[in-house]
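Each of the next two complexes has chain A plus one more chain, namely chain B in the first and chain C in the second.
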Partner chain A sequence: MSKTFLFLFSALFSHSLLAAPMIEAFTDDPLPVLDEQGKPLRDIARNSLPKQAIEVLQWNKELDLVQVDLGGEKVWLDTMSVRVNPPLNIVTMPCQKLSTSLSDDHQNNSTLGYGAGCAK
Partner chain B sequence: MKGVKGVFAILSVATVSLLSGCQTLNGANDALMNLVGPSTQSRLQGRYVEHTEVRQYYRLDPQHTGQLRLSFDGRALPADEIRQQNLVRIPQLETYLQGIVTRLAKSWPGQAPTLQVRIVDSYAFGPSADPYGNIFVPLGMLENVESEDEIAAMLGHEMSHVLLRHHDRLAAFQQQKELMTNVASTVVIAAMAKNTGLDRSTGKFFSKDPLGTQKTIGNTVLYTALANSFSDNVWSTAWGRTQEDQADLLGADLMIRAGYAPRASSVSLQRLNDFQGKQKPLLTGFLEERQVAMTESLKKLDLNATTRELQTLLNQGLGTAIASTGQYLSRSHMSPIERDDDLRKYLQREYKQQSRARVDRRSWPQVRDAASVQQALQGYRDAYAATTALEQKKTPEAAAFIARALASPVGNQPGIRRAAFSLHMAQGNSRAALADLQAIQDWSLASPSIYDLMIGHHLRNGDPQAALAMIDKAERNLGSEELFITEKLMANRQLKADGQVQQVLHKCEQYPSRKEQCRKLVPKSA
Partner chain C sequence: MLTLSRFSLRQWLFGLSLALIALLDPIGLASSTDDASSRWLNRLLASGYADAGQRQVVVVLIDDSYLLRNDTYWPLPYSEQSKLFKRLLAYKPGAVFIDLLYSHDHSRTVPGQAPRMESQVLANVFERYRQQGIPLMLANSGLERGMEGAVNVLPRLAQVSAPALVSWSGYGSQYPLAMPTPLGVLETPALQLYREYCRRHTCASLPADATAAAQLPPMTVQWGVHQSPLQAHVADIGACTVPGLIDQLLQAVFWKLGNNARSNCAYNLTLSASDLEVTDPDDQALIRQLLQGKLVLVGARISGTGDVTLSPLHGKLPGVYLHAMALDNLINWGMDYYRATPSLAELGIPYSGSVDVLDVIELALLALITLLKGTLEAPLFSVTGNGQRARLRLEPLGAWAVVVLLLSGLSVGLWLNNYTPANVLGLLLLSLTLFSARIQALFENRAQNQSELSTQGAQR
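== the complex of A and B ==
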């Protein structure tokens, strides 16, 4: 039990020591509420959800669930149903930190890429 | 103002006719709809892979298949389409990635072209695909993904660009830009010809209407710049967004049909967003840039009065219209988060049953952490760290990183040797720098810039035979005869091989962007 707790705790807080992840938006309407294994419990209509950002209490990375406090009740939500900031899925080498000489994509003119690339 | 309207009318007509006259530009309406209206995803009913517009690509066009093969068998690849990065050889990793592509390709209901994964020495995050079926996977992507499902999401997206032949539209767009410039040049020449007279007594040309000519030229420069900028920023944005939407949709379909977890596509878009950070909106500073560019070009023509007039025109009218378009685009352009939102809605609608499918977090770490892969990736990390240290003028640190990179299993690959070359050049040791490049074992992995360094070295040292041998290697490995054709001419001149010089010159004249340089190298008297 304590092992699981440590995993969840470190997964959540190693990401950012300063900024606690907050749910800034709900992308599903109605919002499915899940149990800790990801099984659906019930749905909540979006208009009855809080309008302000709410803190993420835990992130179960393996099951891709986040726990939040909704009206005094701790519930689990699918990360695909919410928008979290700072984001849960990040990169270790963002464009801004790349060496100038290596940041340019240097792709040929005929390629189509996954995103806007990194040209500084 | 009459002249202004005239030039604008000519260029507008040219733009419309160019856009409508080309078969591959048929998607323009859809693109515009996507730019100003709802996204592709929200306008779609059912699964994209089963959609009529996708079904037309189920059958592989034989001509297209022929083009796919051309780049590897022949030497006819246009110089500007050659990959610019060094390739990375890590066999176990390449086999693994190729296996993912094969699995995804099996889920495509149509005929799939040959698709080849190639790892590239780049720390950018996003993979890319070329029209020849190459899917380039940067080291930066492999450093950041955490599951095979994420990799499948990104490779599925790139495969979709190839399957949906998005490159054909890209080529058409670039062609349209060139035609626009040609039309503008014609307007300039026509205006000059119309207003230019010949003084038969002196044999000199004179301008019959200097002010009028200046105005026409100035306006043409202005409108060409505006039209091309508009093309760049609006059309490429519109098409770019449509193509990204389509590739997101088909990529998701492919990965789910192949048994991967759909949520991974959202994860990779979130990572992409984090990688890109806060990007400048596409059109921020657009107008200012155009003004600076035009002012500069007009100054060179010494048209001060026209410059002032154009500036006023820009400030008062056109500028406002384009700036407001720009603001719209900068808000609505394809940010990864926007793409993620749209994709989530699509997945929710079409793949609800698979929504809780779990991501496989085991298979990728097993490959990534295998000893041979780990050592190779570390070698490239060290080379990257050396380059960063060099930029910060920390030469001793760079030397330590290079020593480690050279001792790794990938020590003789071009990316590592290029970093060592930079270190030795910074240390003023050109002999060691040259030895770094000469130690490259597999030249099929090298980028054009490394070939360029070696060919240049041989030519400067009066060793044309060695230069020709390197050019031959470049032609075979990069698939282009055009790229080093001027160097080939120089080498043959050094050899005084007149027959070869004429033969190469004849070939060079077939390449519009090279022929002038080749002709300068071989004066008529030669």
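== the complex of A and C ==
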């Protein structure tokens, strides 16, 4: 009984847990279509884009780009041009302390170390 | 009939030495008091600085907090930069200046990619700015890349941006609008961004091109003190202080006693690069409201990097604020920005070196001070009429009042015409020093007279 219950319970929630992120809306008009390196390829007018949600095939976290299938063609889009659900990441407003100035006579007699050695 | 009394050789030599001190500025004494006068006048007038520019200019700072949040390092990898600048692009700024010198390609090796390809990722983002019609300027040293000791923007990035000159010399603490470089005449970021501002707003006049701008005098940047009311929406400003006029005056006099009446947060609306990462739609709407259509300057404040500028009101700030404040000045005053008075050479007087009109006026004031000092020792004028002789004699305090009055008038006149102030401190101190002996003698005489009168009264 408990095994059956667990199976049904996990089956019920596995869809939502494993659901692929979907693009719910396009926020840019026209929408820039990019290659995998973020190079702009062309623009697509919003009214010619699909109205229903489309699945995110890949997320390039390094460049913050998503790959989708648009009319049978796999293209890359900027995450800032679309609204994804569930969100790929959540960042709240840091509201950090505004940096203050240094005194007139402040000195920093060092420089950043960029790593040691020559690449020879 | 008035006849000029004869001055002794000693007085002539004294006057000549004063003139030479004023013109030659030995050991930088005059320059120091000149700078101090300029600094303190800016501090006193900063409270009334208009906010027209503040509503148009936004600074985005890449700081240590941003590096820590993103678990990254400095110099920021190109992939991180591409993310930052594509986020900024999404908020549709009016124009963007990036105060970072892209001199050396520090692309990381990516498996399966040709070497030095990572910087292309950033170039791709910059290309999108161009496609969307958002002007993008990159910091440029004005030197030809490859010259000995010279660095400049990577060609890949230069192709998709406009150069903005950030490196110059020969202007003291002033900000040039443009200057000739080995790459041609280049404009500085403030003027370039101001041109973008003028495309959407009415501006009185603009130099036709960079060559015309290079002929204009450099700007004496004036700093504002009151922060933007929008600043509190995106940052904790609890630690920011804005001293009032009285505090500033007290600080001017009692700075040695540790009265630190200094504004410690920058004037321009400032966002952290971390603010551009927000994902909540309401937060994004707020950031869009702050950035859309604005003139955005991106700079860095990373511990250990040396790009700082000195503000008379704030102390040391990241260098990007100098460009932001110069732009702010241009929006407030257009081409009538604060400047030094023209030099005699500019007026066509040969062999005048760097002597300017204000130097000559100050010299005239010095001559007057010398003459007034002379009248305290001997009568300046002998007035003859109807066979009677009368003497025009000035009291020491009256003579000093004349100097103060003339100096005040000169300062107001210069301020109204957007010229940098006269060396108020230097002239006041000099006149006070010259008249001090006489003023002291005057008070001693008065005290002695009163004492004698009281003694006589007691004897009667």
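Here are some notes:
Note that in this section the second predicted complex is superposed on the first by the 73 of 120 C-alpha atoms of A that agree within 3 Å, B and C clash if a C-alpha of one lies under 4 Å from a C-alpha of the other, contacts with A are read in each partner's own complex, and residues count from 1 in each chain.
Here is the rule we go by: contacts are C-beta pairs under 8 Å (C-beta built on N, C-alpha and C of every residue); 3 or more make two chains touch, one makes a residue touch a chain.
These figures come from a predicted structure and were not determined experimentally.
In the superposition on chain A, contact of A:D69 is made with neither chain B nor chain C. After overlaying the two complexes on the shared chain, residue contacts for A:E24 are found with neither chain B nor chain C. Contacts of A:G38 after superposition: both chain B and chain C are touched. Touch criterion met: A:C95 reaches chain B and chain C at once.
Legend: residue contacts after superposition of the two complexes on their common chain; A:E55 is shown touching neither chain B nor chain C.
Legend: residue contacts after superposition of the two complexes on their common chain; A:M80 is shown touching both chain B and chain C. Once the two complexes are overlaid on chain A, the chain A residues touched by chain B in the first and by chain C in the second are 27-28, 38, 62-64, 78, 80, 87, 89-96, 98-103, 106, 108, 110-112, 114. For chain A in complex with chain C, the residues that touch the partner chain are 27-28, 32, 34, 37-40, 43, 62-64, 78, 80-81, 87, 89-104, 106, 108, 110-112, 114. Across the complex, chain A meets chain B through its residues 27-28, 38, 62-64, 78-80, 83, 87-96, 98-103, 105-118. Note for the complex: chain C touches chain A at residues 61, 63, 65, 69, 74-75, 79, 82-83, 86-87, 89-90, 120-121, 124-125, 127-128, 131, 231, 234-240, 262-266, 270, 272, 274-275, 277-280, 283, 286, 301-306, 308, 310-311, 314-317. Against chain A, the residues of chain B that register as touching in their complex are 80-85, 122-131, 136, 140, 143-144, 154, 157-158, 161, 166-167, 170-171, 174, 243, 247, 263, 266-268, 270-277, 279, 336-337, 341, 344-345, 347-348, 355-356, 358-359, 361, 384, 387-388, 391, 447.
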